[in-house]
């Protein structure tokens, strides 16, 4: 059995630096009537304290599953999740200690479904305060709720409104306020803006960046919008069919995309200015669709959409290789 | 069919002589089977299959000479063997009317046309009981036995077969019997007594008593004689229809409020008498069951052996109060509500119960009703604890004589059945009635009946309410029904013997125009 | 490119709802030349879909009312057409592609049934097509949108196809019944980046091949930039700016357009603009004057009570903002 | 196809479980009834030894689980014991009564389906007009009126006042029923070519079937209307319109089919419960049906009959549900082909 | 001081919500009709002893000399075969029907809902299997038949009839709530509460139950009608209330024997049943329209 180079490097990194999260060979399979869905299929990455780690991928690639597993909604099928270097949190949320639950929070993709439609904003924001004993009494809680609302720049008069009465962007603000209510140190953002307008998105992202500085937060930022990723993440990982194709620091990533899939993604982005146009790899035409994770193609799962396909690709799965400092890629092109 | 005759009854109906014993079954059996004797309109026995008979001096041996040449529906001849077989079968199975034949020790075939019954003890009403003994075709039954069955060698004794088929020699024979729907019989073309040409050639018993349905069917001339349980208002309405009349005759049925003599407060005779004085008999016979007559003692007045001189209570609140004051429950009336149980059909029972309730309220007795399906009445009367203070039930004699009612109503062995709620358990009474029944001489027997009736009256175990008039709406316009003309045979079922009824299809057609 | 193909003049659409009347469209003016590719951008809820549905007369009329306005298709007012004429337009002139292909395909019929019906009722009325003719045509359009294995697709239900394939089917249905104008109502938003790219490229190819005009609605400006010649910017039921695509992206004039452009994250990095404060006004009680003024950073007193008309800033660049009233040029509105 | 068979097999396996549970439930209910069923069956005057004999025959003296064992053993062989009331084997009784009930339910089902859907469609198509309001008022009346009230009024109006329809039974007296092939008279009549009998039977069916159908029919009309009104708003209708498909095709093809799905779901439930709820109507029309048989069995504590009738009704319910699920699955590929998700 | 103002704020919010819902509800004239009818029925039932012309008719009163009189000014709905005023008995009868409906709902809704919540939330576990399989068994029998079976075990009385209906009816609530709960369980707001660390009670009875309330309310108001109908069917076969209790179902059943000549005996009670059921149906539909759109 070959252990990927990456694995040893990671161990080193753990020993040396302050990682808020270390995900090691995480697998999450779903057993459905159609077959086994390998939603997450052995991925490893780490997130440094205070950084924004971006996770990009097409729909169905398993991004949310990673987030849900980290936050404890799912129990990993295999693999480890280590929080703050020493706390193994690979169990599911029921067994997870409250203290950890308080530390890790999540903001969901769809603001519509992540807020209980029959509860007022106050009820929603109160819950984490109650559960984690953050405020002592009712009065205190209401005060805190109002503070939270102010923090996300929502009018205090929203306290007693129902989610259905406010707009999508505002709902997402409430969701963020709820996530921040427990003073977490690590927040998972699962496509927090994909359902919103660009103008609202801008506001929200700016606010998130501000909070990150203010509360020393680390983010796992999931999106499929590469342009957005470019502006928020310090390191970016590309996911395809449950596997990571490429991990790189964000500037390096956009200047020098290695994996053919990354190149295809980049070339597909619609942009509005010529400078941006210049950054896109030319002459790569996107083709095909992401296949169903039930029957993942053999070999490299990307091979039949790949414009640089080689013979080996259809039979052997490439392993992760570090090409540059901190820039790893999973492609046969780079494993000579 | 040219002359269909249709009547309606409630279910279930059993056409097996060893199983059926209720109204509808009796009616069906009368039409399908022959008996040794046949009752006349006085209830007295006339020769039928039995051509002649004699009884030994000690009253223990009855010798019957059968009529010759009588054919069953399948053409085989009726012989003494069939009689013996039928009796053995009835007694072995033990259901239906079998209880009437407990006195029979054995049956003996003397020759092809002579049969002898040996009794355990002398039994006065022997001939009357024999109206319920139907003669089966032995060969046919034996050919249709299903084995194994609960009766050993005899398998099921032909019970399954006889559920839907007949094995008789009667004037009608079964043609179709879809369960719970109807029983269709056609005339026996070679019946040994010539049948009037106007008698119905098809006889149908329909299984419903729903007033609306009956009403519509009557008005559409799809029903010739309706059941007797139609409520007063329905009768009124039916009578208004052209060509329909209510045929009224004493049914032999009496309506009792059977009072539990073992349960407080009705265990107190004064309490019972107070109730008897307080009840408004006039309203009952005028308004609740109009046309019926107030009962005179425990025996229906139409029955041979009933004593016409027995005392009758009338509503008298003073006397009622006087009796009530003597009762030990007088000061605690509220703590002792009287529960009156009655079956939910017929509907008029409820009127009776509410009248009772209101009458008793006049003297301060609290009454609660318990209206339940018939099955539940049987169930609650089955034990002393569950039985109610009062049960409103009507009872018919099993054979046309006072002794039948007296025995079934008050003898100790009838407690826990629906025929006795009194829980009388009086050994003196038991001896009296047994003695009376063993008396073969009719006159002597009737004197003893009188005494027994008087004895019961003194105990006041029952509110004797009324003797019921059977009220059958019928198509006077196109049928001739002897019972409605007053030619009433006082034995259950016999008044609907098809061969005496005449149907005139042309008159029907006219009415339908 | 002389006569306008479609011309919307001063269109008002209101909705009668519980709380009162939603005055959604407030004097929309909109022109499409033949063979022109027009973009329409704006935030969620600004009335893009409503405008397009009004063109096809797809608004269900009890809640919707059209109190004022004209929609001229080749000079003829669609709003006043009788049923047969309207049917004619729908059958062969204009068609629409919806935002969510899943919702736009009837889930209980096979793709074949739906396309073949679209084919059967398209084209010259009166001429009945034969069965195999219909099928052949259906296969042909499916091929045109580069769907592989058309035979199988015809027998599939929408649920059996992926999102991208469904959208291709929708496009093929639109192709069947539109020879002059295709309206694409955010045909790509619900799709993935790579597929989005494929679909848009396909659409562009087809439009160019068939010489059809297209109206492409989006709130993703990048898409519009690649696809169109001319762009309308819509805000809360009015057109606030119209320009050649290149001009707009180079020099947006209206504060709203500027804000919108600034809010778009760039691939070059460097952070994201601030976005525009506030949100789309409620339509029951929209702000008087310029509907954008409560959110506008450059608001002037006059914006609060007078609705700005479109000012012509240059040839082919008009903007509805009083900041530009002194640029001269004609005033189109009223 | 294999998928469908698998589905049916799974459902059938599951329904066996439900039936076993149901049999236990109803068996216990029937046996905890107070009283002595044997005595009840034999009448007041039957001697004690006869009663005892019957009790033994029916294992009534054994503990409950032993009784159930005997019962289940019999039931597996299609022997549900002897009815205390009819004295026949319960299986035979059910064979006799079930076709009558089924016939009634079938015709009620036909009325229910056709009239309900037609009314609902009209109502939905003319939503918010006076036609719609009229239909809605009618359907409200249908829902709130008990079926026995309908039955009584129908008897009065059609047979008593107007004298155009018969009231009792399945055939006019004197009409010879066709040989029993299915037990359903109308079918038998058609099979044997006896059209006079067919029409006679149909006449008898009309009133009870309509009385039974009124409530469910109204329900269906309302649901159809609601889902039509709902679906008109859907994007796919707009999309089909934009393709120039004419209104009539849209209405009767593209709109109706998806809109019928909720109706069919309810329809199955209603159909199954018609069989069980029919007893009052069967009583009034003297219809020799299963549910009247069941009701009588309950009133007369006819243990075996109660258990068997409830089981049969349960079975019908289960089958109706399977049929509905299959139909819905067929009509709606989202369900038929859909993926069943499981979380882990 | 502070606290009070806070709760006041909350109160005013609540009040506003009620007003909003009321506004929506009142938009449909049919719902209002239903509500008004319910109010009228409630009025007549609560004050039956005072508003009915012959209150004694509801009890053991009989007067055969005034039996079966057609409607007249003295007896607006006529008298029955016992000489009792039918209008009075209808007023009191509605009382029993309503009591029956309310009692049954009170008995079954908590049980059914809690079971449904538990089963729905534990979808996939043995708890779900046990609860839902039992529910399936109960659901497989038509409610009327099951109620009849249970009723025939017990002595007929209004209370036992209620018990029987309850036994037959609870699984429908379990199934309703199960359906909602098992789909809500996958919703992000529930997941988020779980992940935050809320306990099971909170999730079941706040997060999930709150969202079931409007369907439950809707079903309750519609079921009110069904229960009354089933109750009347039970009375029709004599398994309901004991005489002389004025029970609408028995009144129709008994009266049907006197049709068509004494039509008023059964027609008016039947009409009363229809009215009650109708009013609850209208009201229920109104609730569905009001609460359904926003939350659904």
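So that you can tell them apart, the chains are marked A, B, C, D and E in the order they are listed, and the count of residues begins at 1 in each.
Assume a contact is a pair of C-beta atoms (placed from the backbone, for glycine too) under 8 Å apart; a residue touches a chain by one contact, two chains touch by 3 or more.
Just so it is clear, the structure is predicted and the values come from calculations on it, not from any experiment.
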item	value
Starting at subunit A, fewest touch steps before arriving at subunit B	2
Maximum centroid distance from subunit A, chain identifier (CA atoms)	B
Comparison of D-E and B-E (more C-beta pairs in contact)	D-E
Euclidean distance of C-alpha centroids - subunit D vs subunit E, Å	24
Rounded Å distance, subunit B centre to subunit C centre (Cα mean)	89
Inter-centroid spacing, subunit E versus subunit A (mean Cα positions, whole Å)	50
Rounded Å distance between subunit A and subunit C, as computed from the means of their C-alpha atoms	33
Per-residue multi-chain contacts in subunit B, two or more chains	212, 215, 373, 376
Overlap residues in subunit E, where contacts from two or more other chains coincide	152, 237, 256, 259-260
Residues of subunit C whose C-beta touches two or more other chains	none
Interfacial residue positions of subunit E with respect to subunit D in the complex	123-124, 133-134, 136-146, 148-153, 186, 225, 229, 232-233, 236-237, 252-253, 256, 259-260, 266, 270, 273-275, 277-278, 281-282
Subunit E - residues contacting subunit B, complex	60-62, 64-65, 67-68, 81-82, 152, 155-156, 237-239, 242-244, 254, 256-262
Complex contact set, residues of subunit E against subunit A	2-3, 6, 9-10, 13-14, 17, 187-199, 202, 206-207, 210-211, 213, 294-295
Touching residues (chain side subunit D, partner subunit C) in the complex	128, 232-246, 249, 253-254, 257-258, 261, 331-334, 337-338
In the complex, subunit C residues that touch subunit A	43-44, 162-165, 192-198, 200-201, 219-223, 225-226, 249, 259-277, 279
